[in-house]
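Each of the next two complexes has chain A plus one other chain: chain B in the first, chain C in the second.
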Partner chain A sequence: MSIEAQNLNVYIKDNHILKDVNIRLPEKQITCIIGPSGCGKSTLLRTFNRLIDSTEGVKIEGKVLVDGQDIIHSGAEITELRRKIGLVSQRPCPLPMSIFGNVAYGCRINRMFKKRKQLIYHVQKNLRDVGLLDEIKGRMHTPAARLSIGQQQRLCLARSLAVQPEYILADEATSALDPISSKTVEDLFVSLKERYTIIMVTHTLRQALRIADNVVFMYLGQVIEAGPAQQVFNHPQEELTQKYLAGAFS
Partner chain B sequence: MQKLRIIKDRVAQGTMFSLTILSILLVAIIAIGLYLKSAPVLDDKSLWTLLFSSEWRPMKGEFGFLPFIMGTIWVTILAILFSLPISLLTAVYLTEYSKPIVRKFVFPALDILAALPSVVYGVWGVLVIVPWISQHLAPLFVDFSTGYTALAAGIVLGVMVIPLMVSLFVEVFTTVPVELRQASLALGATRWQTAIRVVFRKTLPGIIASVVLAVSRAMGETIAVLMVCGCVIHIPESVLDACYPIPALIANNYGEMLSMPFYESALMFAALILFVVVLIFNLLSRIILYRLEKTEK
Partner chain C sequence: MNIAHKKKLKESVAKLFMWTAILIFFGIVASVLWTIFSKGCKAMSWDMVTQLPGGGFYIGKEGGFLNAIVGSLYIVGASTLLGLLISIPVVFFLNVYLKKHSKLAYVSRLAFDVLFGVPSIVYGAFGFTIMIYFGLRASLLGGIIVITLLIIPIFIRTMDEATRNFPRDILEASFALGATRWETLKVVLRQIAPGIATATLLSIGRAIGDAASVMFTAGYTDSIPTSLSQPAATLPLAVFFQLSSPIPEVVDRAYAAALVLTIIVLILSITGRFITNKFSKNKV
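Take a look at the complex of A and B:
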């Protein structure tokens, strides 16, 4: 039960985006991928659930092992892979349907329940898990777009959790939110690590300091340093990491 | 010198403004013209008789437009039934599935199809569709058919509006943000599920507006339809009946036998009907699109 990249190289058109990435992400922990803008954090994240495929002119070399299976070359069932790996994107992106419809969407396309009662129960449970159920009482069937942006992000999280993933990828999931919503979502991630392996891209160093168990520091498409948060933050081995942590560049 | 270029700018602005107004006025002028020309027959007969009587005897001064209106409706509905699924699926393929290289070749091809003169489609209909209906399709259902039928007109017209519909649909579908598609894909949805459940739902008003535009285009199409529709004045009872849509009526008869009282006026009234219907359809699609933009915000 882990995600592992071996000699991973990703090219988009003629640009070498990820260079020889070798990392193993421990399960049931929060791994934060940090690094300056354009260093390939998001690309790495999107390679894990192969959303990168929809990018034009992309070429992937090397291996990405999810639960021991190479997802790049084995011809693995991509829909099942994506169900197993939830994604929370930077801006909340509610589907054009009701709040209920959003959470039920993944269950429906994956045919998870036969009875509507089970589905309703499941949707409520997931909304409760992200603390939305009470906030939206009586508005279950109104368009999701009417929620505040912070609520939308939690809805997106509930939507991801509803398909019972094992991993959650979060791509700067709090950067578009106000400070209070941001804190709520962050706390949610911390509480979710008991059950899920969470991989988070963040460009606020302080967030990583607060919640990361593990840290991967990337620079210009390379993994410079990776390891337990304590070690990387307190005793960085590489000069680049030291400089980045000291705020020499961002 | 300095003054001159400012004067030039002003003059240019004024000229372009008047030209813009003129083109808008043109619509009004045509509407008024059609109305004035059709006034004699409108004075003579009630609107009801004109629209809902099927007695068409210009010699006796009887002008019932129902056969032509029904002909138009039949042909238009057939055309849309035929072209809508094809266009929708083509557009889904182009926006959701195809590689950019495919689009690079398909879009220019569609543009060429859209730009082909309609008489070419008419000839194609006469040479291919009409014989096919007459020899292969119709014998399965009726004893005899010339092939010049509402169905032939519907197919030819359908093929004609496909390029228009596809490009409208593609335009509508590309308004859906990539993030929305990815949100669906990331939950384990296939591209097909994403297209049906997310893209269609998101763009439904746009799809409707596009269809309405295509309908108004189809209703006014003349030459290609005229060549294959059979031009028999009666209310078609099946798709294998000949029909006689309004544009064909006008094109076939205007300029002939205009010495007959009210005949010209009646034909102008036919044009007015088309004008009004197309106007209403266009307004409808505008309103739908406007609503769409408003709910987006």
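Take a look at the complex of A and C:
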């Protein structure tokens, strides 16, 4: 149960975005991918659940192993892969449905429940897990777009969790939120790592410092350094990592 | 004259232009409505909308134009449904399946723009030729098909406009949950519901008011069609035929038919708006 990239190269049109990436992301931990803007963090994340397929002119070389299976070339069932890997994007993006509908959507398309009662119970459970259930009591069937941004982001998390994934990808999931919501979501991720493997792209070093078990530092499409957070933050081996951590560039 | 003064003058001139334009526009709308209502009400009666034309209807004797009302509703209802069935998949394909700069999408949009501009008489002539080829006579089916062809470009162009700005994030959010593109259609439909409603209203407006395309294809009859192969009367043709009559009573009835046509469009527009508001409450 892990995600592993082997000799991964990604090109978009003529740009070489990811260069020979070799990493293994340990399970049931939070791995933070850090690095300056445009270094390929998001591309790497989008390769893991193959959302990158919808980008124009994309070419992928090498392997990405999810649970030991190569997802790039094996002709793996892409919808099952995406169910297994939840995604929380940068800006919360509720579907044009009610709050209930948002969480139930994934369960419905994956045909998880036969009875409506089970579905309702499942939706409530997931909303409770992200601390939304009490906040939205009685507003279950109002449009999701009316929630605050922070609430929307937690709703998106609940929506991802509802399809029972094994991995959660978070692409700067807290960057659009106010400090309090941001803290709530961050704490949620920490509490979720017992059950899920979490891979988080983050822009803020301090966030990575707070929650990461593992850190991957990327620069210009290459993985410069990867390892346990303690080691990377306290004793970075590479000069570039040292400079980045010291704030020489961001 | 100082600058501030000049600016003020420019502003007032611009304002004057806008007000004149708006007043002219309202004047036109009001005079059209006034003509239809004042002339139409003279001949309007309960019989007009509940009776079929009697023996001497077209020389001013008893009867009504229920045949045209029902015929128009049949044709518009059926062709709107058919139009939706055909255009929704097209719009979905253009916006979700094809890449953003796809050549096929470009050519298709160009084609629909051309079709959009084709006058309805050309559709009528086209339908007529096809019908002759297949040995069909003017019929309800012929009218439905030609009207469907007429409104498909309106449907597609209007819905396409509404869908092109569809947030990519929503698509990805749906895909990320393991949805196929087909399953994502449900999400897209919910988001563009207002666009679909607008498209439907525009299409119905065009479909119900068009005389040229149904003249040769649906024909005209004094009875209500009971099968697809029978000819069907339509309101625009009821207006057209009666308006060209030398008998004043019959001409008044043309205005009554126009009044009914206007009221139907009005009712559809208002309910359409109402339904749209209901559907679009979940829009992100």
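We adopt the following convention: the second predicted complex is superposed on the first by the 250 of 250 C-alpha atoms of A that agree within 3 Å, B and C clash if a C-alpha of one lies under 4 Å from a C-alpha of the other, contacts with A are read in each partner's own complex, and residues count from 1 in each chain.
As a working rule, contacts are C-beta pairs under 8 Å (C-beta built on N, C-alpha and C of every residue); 3 or more make two chains touch, one makes a residue touch a chain.
Values in this document were obtained by computation on a predicted structure and should not be read as measured data.
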Room on chain A for both chain B and chain C (clash or fit): clash
First (chain B), second (chain C), both or neither touched by A:Ser160: both
Touching partner for A:Gly106 - first (chain B), second (chain C), both, neither: both
Which superposed partner A:Ser98 touches (first chain B, second chain C, both, neither): second
Which superposed partner A:Gly86 touches (first chain B, second chain C, both, neither): both
Broader residue contact with chain A after superposition on the shared chain, chain B or chain C: C
Touched partner set for A:Ala144, first chain B, second chain C, both or neither: second
Interface residues of chain A shared between complexes with chain B and chain C: 49, 51, 54, 56, 79-80, 82-83, 85-87, 89, 91, 93, 95-97, 105-106, 109-110, 156, 159-160, 163
In the complex with chain C, residue positions of chain A that touch it: 49, 51, 54, 56, 79-83, 85-87, 89, 91, 93-98, 101, 105-106, 109-110, 143-145, 156, 159-160, 163
Interfacial residue positions of chain C with respect to chain A in the complex: 99-101, 167, 169-180, 183, 187, 190-191, 281-284
Chain B partner contacts - residues on chain A that touch it in the complex: 49, 51, 54, 56, 79-80, 82-83, 85-87, 89, 91, 93, 95-97, 105-106, 109-110, 156, 159-160, 163
Chain A-touching residues of chain B, taken from the complex the two chains share: 100, 177-190, 193, 197-198, 201-202
